[in-house]
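As written, the chain order gives the labels A, B, C and D, with residue 1 at the start of each chain.
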Amino acid sequence: MASKEYTDRELMVSAAAAEIDDGDTAFVGMRLPLIAFQVAVSTHAPDALAVYESGVIRDSPADGFIHTMCDLPNLNNAVSTTGMLDIMSRLQRGDIDVGFLGGAEIDRYGNLNTTLVEAGNREIRLPGSGGACDIACMANRTVLLMAHEPRRFVESAHYVTSPGYARDGTGRDDHPAPGGGPSALVTSKATFGFDNTGELYVRTLHPGVELDAIADDFPWDLQTAADLGGTVGQTPVPTDEELSLIRTFDPDGFWTGE
Amino acid sequence: MASKEYTDRELMVSAAAAEIDDGDTAFVGMRLPLIAFQVAVSTHAPDALAVYESGVIRDSPADGFIHTMCDLPNLNNAVSTTGMLDIMSRLQRGDIDVGFLGGAEIDRYGNLNTTLVEAGNREIRLPGSGGACDIACMANRTVLLMAHEPRRFVESAHYVTSPGYARDGTGRDDHPAPGGGPSALVTSKATFGFDNTGELYVRTLHPGVELDAIADDFPWDLQTAADLGGTVGQTPVPTDEELSLIRTFDPDGFWTGE
Amino acid sequence: MTVSMTDAIGRIAPGSSIAMGLALEHAIPFAAGHELIRQGIDDLTLIGPISDLLFDQLVGAGVVSSIRAAWVGNVSAGTGYRFREAAESGSINVENHSNFSIGLALQAAAMGVPYLPTRSLLGSDIFAENDRFLEQEDPFSGDRLALVPAIEPDWAIVHVQRASPAGDAHLWGNTGITEPAVGAADNVIVVAEEVVDESVIKRDPSRVVIARDQVDLVVECPYGAHPSPVAGHYNRDNAYYLEYHGATRTQEDYDAWAETWIHGVDDRTAYRELIDESALSITQETIAPEVRYGQ
Amino acid sequence: MTVSMTDAIGRIAPGSSIAMGLALEHAIPFAAGHELIRQGIDDLTLIGPISDLLFDQLVGAGVVSSIRAAWVGNVSAGTGYRFREAAESGSINVENHSNFSIGLALQAAAMGVPYLPTRSLLGSDIFAENDRFLEQEDPFSGDRLALVPAIEPDWAIVHVQRASPAGDAHLWGNTGITEPAVGAADNVIVVAEEVVDESVIKRDPSRVVIARDQVDLVVECPYGAHPSPVAGHYNRDNAYYLEYHGATRTQEDYDAWAETWIHGVDDRTAYRELIDESALSITQETIAPEVRYGQ
């Protein structure tokens, strides 16, 4: 692979930002989405609004690097700093267009585990849900981000922290929660969509990534857009403007560096 | 009756103020209790706190006359102006010691009607509950205030806006609400308590009032403290300090005049 | 999204349900109510905790078909005669609530759940007469609870001290059930004493009680809450409440009153000529201590 | 009711449940947590939404027996190693929540009801593994709901910008689930950057997030939330979070870390000598616009 002018995570941020439509209210959370929202609102989605479970509502990038949603630059000149129940109420009444989630494990139907994974005969305890379960249940759509590592793709999540689609192909039909479920997965090698039955499929490959090289990372027979009558495209590389913004928002590459 | 140095309503305010213990959190509402709290906190109950369903919390008299809890003098230098659900939550979790209620009708067991009364074959529509039903259900104890008029004392309230005690003598035992029920009724002629079965009895007579003169006002055989092994006392007249305070808080006698 | 009061109220269809008077006797959107009357938008369902005169005025104007509230009258004087007459004659339908039950109904809608449970209401005729409330045995404790179903108003109209053109509002003093109602309503009109630059609002985001994602229309209307008080702006016009009480005992009297106070003025600017603002102005000012953000 | 941190924490009995870190990564009461460790008050149940390091530190000190939370770790670096090791070994009991479920559990207690219903949780193993949650068919709509039972902590410890000696607190910036937790807890300790005269607080009653009737003890403790940020006072000490992550992979390493940062100082005054406050101070200040009350 030729040397790139951007890191994997910068590409992921660009791809995640593209999932925010102008006018969306986005539930942002931690890590890469913190940067992705700031890119989106600075480029194609000037009227997007971000809500954070701490209570913050923002319509503009922070004027300084933020490790967490509660860092003071994220409060300074915010639109509002209401409480968590108020933000979660927006989610529950269906007012959040898109929510971002990470995961240590994902299954074929977008169910995520951030609580407890198995490694050999050891169970590894992870930090847990935070607001992820709530976002997964109740956002109109969710965008999932994770490093592309084969161990993360599992036939069945050891613990379902954040529900995706039903494993019997009924999608969200019988799911009691009001949310629409995952609309995209962005890894460090590709972007994925979910078909009508809720099953993952490859949507675009990042530049330099071959389909064959990632198909083996999944313990099931991986679908692609081609199987669904479309074509597998290439993920757009971050534009110069996006890279400049990402490096402004994360000047030391804390979240988006190599 | 000799001319008095105070009005009926000034005496009622004094008697109502006496029902607030030092350290109490009192749910105040409208009209005479607005004045009574200010008298209590200025005299024997300096550590009493008043909460109002608008969200206001106060520990001191307003520096100016107030028609309603929301008048600006009641906000100015308040302790807090939180929301109604927050105040009602205090009530529901059992943190309100005493609440004040008025009524157009009261029955033998302290059930109050402020919604719909009968007058001959006409039903007269009154303003309704406001927070009265909630206070009646959930305050640790309630103090009821009303003008002493025979039509207000009824065998059975035409509409129970604010529950008192059960009409079968079981008090609050089977009542689902957490509150303790009425502890006192203050009219313009006497003060009343409630016995173990929840039935009203005369506790004290206001100066110049004879028991015989009020017994006929009730359509049932009125109990007195004497029937319960005590004695019917005389309601203390307002002290000079109380009268001076009442006339400071209500300089034109809007609530407390003749 | 800043529009004139005329335009804002013109968006409300006859037959709508409207939550108003949510901060109790504070910051009642009288100007909006009077514009509803002038435009003759009728068949309305009014929703609120208590209503200190505004609902009575709308009933008197004949534009109301239903009220879902805990108290309707005149806090200074007691009875609201137009409400009383309409309720007694059956020309309006009244759903009786307590302050808490109307607050919980709006909060349930704001939270996106079908109901909220409460320990209030049981044992009252408010509960007994209303088929919409349910009694439940609490599955955890066995306690008896009342379940209050959600109410989702078509509109909420809220009066605030200052708002950005986008709809973010600073509101202080009494708020009552403003926040639950704004969360519950499909559409929200913010009426502000002052529309200010967004930067003013953003300098104090923790003062924002209503954020833009909840707001559809912003109207600047100084003195728009008269005769109710607005913290930091003007006191309650007590005399108005007493005069109204005396002047509206009959429908004919109300009609004459409305001719002067509602139909006789085109808008709030003209209305302000009818009142003595100097008698209501703040003379003893309290300024909040400094609050800093920054980074 | 103003007391020293030592006195305040000394009132907490071993075996108590304590809600802390309620404003998420903002205004975490680290000073109070460190004093709990120094006094060896153990067998604690910790309650919170996410915990950005504080719970990990208490677990490392061996004073925790249970955690009821949605997330425990290090927001800058991911894993909290002391929590992970204790959870994996079974030396602490963990009740998994989502942020909303812990918020609703505290809100139910604050409201004085046994539970609150939600559309979240169902379909997750958080719901499936916990017998305390119940599934219900909504009696109004037939929808499937999860019922979250109330949690009443023995204590809530909350860090604020300023409070009166009586306990009325001005708090701004992120608040997370501070208000529900304060309403839910039997006892509340307010830790303030600044204890101010009551008159300062009363000049802005709408800024009061916690009122005295909910508060048992007030402690003045500047920099008491370090390394977390406090709006208007200091920024987050990001380096501290990264250093802690590297320095506490084993229990031995943690013990050495705690020797310096917790046991090596008697109180917050001594602690402040360990940090470079100038690197955290606010350099770009934003001052809230004026707010007036009055009459």
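Everything below uses one rule, namely that a contact is a pair of C-beta atoms (placed from the backbone, for glycine too) under 8 Å apart; a residue touches a chain by one contact, two chains touch by 3 or more.
Note that the coordinates shown come from a computational prediction; the quantities given were computed from them, not determined experimentally.
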Pair sharing more residue contacts (C-beta pairs) when B-C is set against B-D: B-C
Inter-chain centre distance, chain C versus chain D - centres from mean C-alpha coordinates, in Å: 36
Averaged-CA centre spacing for the pair chain C and chain B, given as whole angstrom: 27
Centroid distance [mean C-alpha coordinates] between chain B and chain A, Å: 58
Chain B and chain D, separation of their C-alpha mean positions in angstrom: 41
Residue numbers of chain D (touch at least two other chains): 112-113, 118-119, 143, 145, 172-173, 175, 179, 203, 206, 231, 235, 282, 284, 286, 293-295
Sequence positions of chain A contacting 2 or more other chains: 56, 63, 71-72, 75-77, 81, 85, 91-92, 138, 178
Each pair of chains that touches, named by its two labels: A-C, A-D, B-C, B-D, C-D
Touch list for chain D against partner chain A, complex: 23-26, 49-50, 52, 69-73, 75-76, 78-80, 83-84, 87-88, 94, 96-101, 103-104, 107, 118-126, 128, 143-145, 172-180, 228-229, 231, 235-236, 238, 241, 282, 284, 286
Interface residues, chain C side, partner chain D - complex: 112-119, 134, 136, 138-141, 143, 145, 147, 149, 170, 172-173, 175, 200, 203-204, 206-207, 231-232, 235, 282-295
Chain B - residues contacting chain D, complex: 25, 49, 56-57, 59, 63-64, 71-73, 75-82, 85-86, 89-95, 138, 178
Of all residues in chain A, those that touch chain D in their complex: 30, 53-56, 63, 67-72, 75-77, 81, 83-85, 88, 91-92, 115, 122-134, 136-138, 159-163, 175-178
Chain B partner contacts - residues on chain D that touch it in the complex: 109-113, 166, 168, 179, 183, 199, 201-203, 205-206, 208, 211-213, 293-295
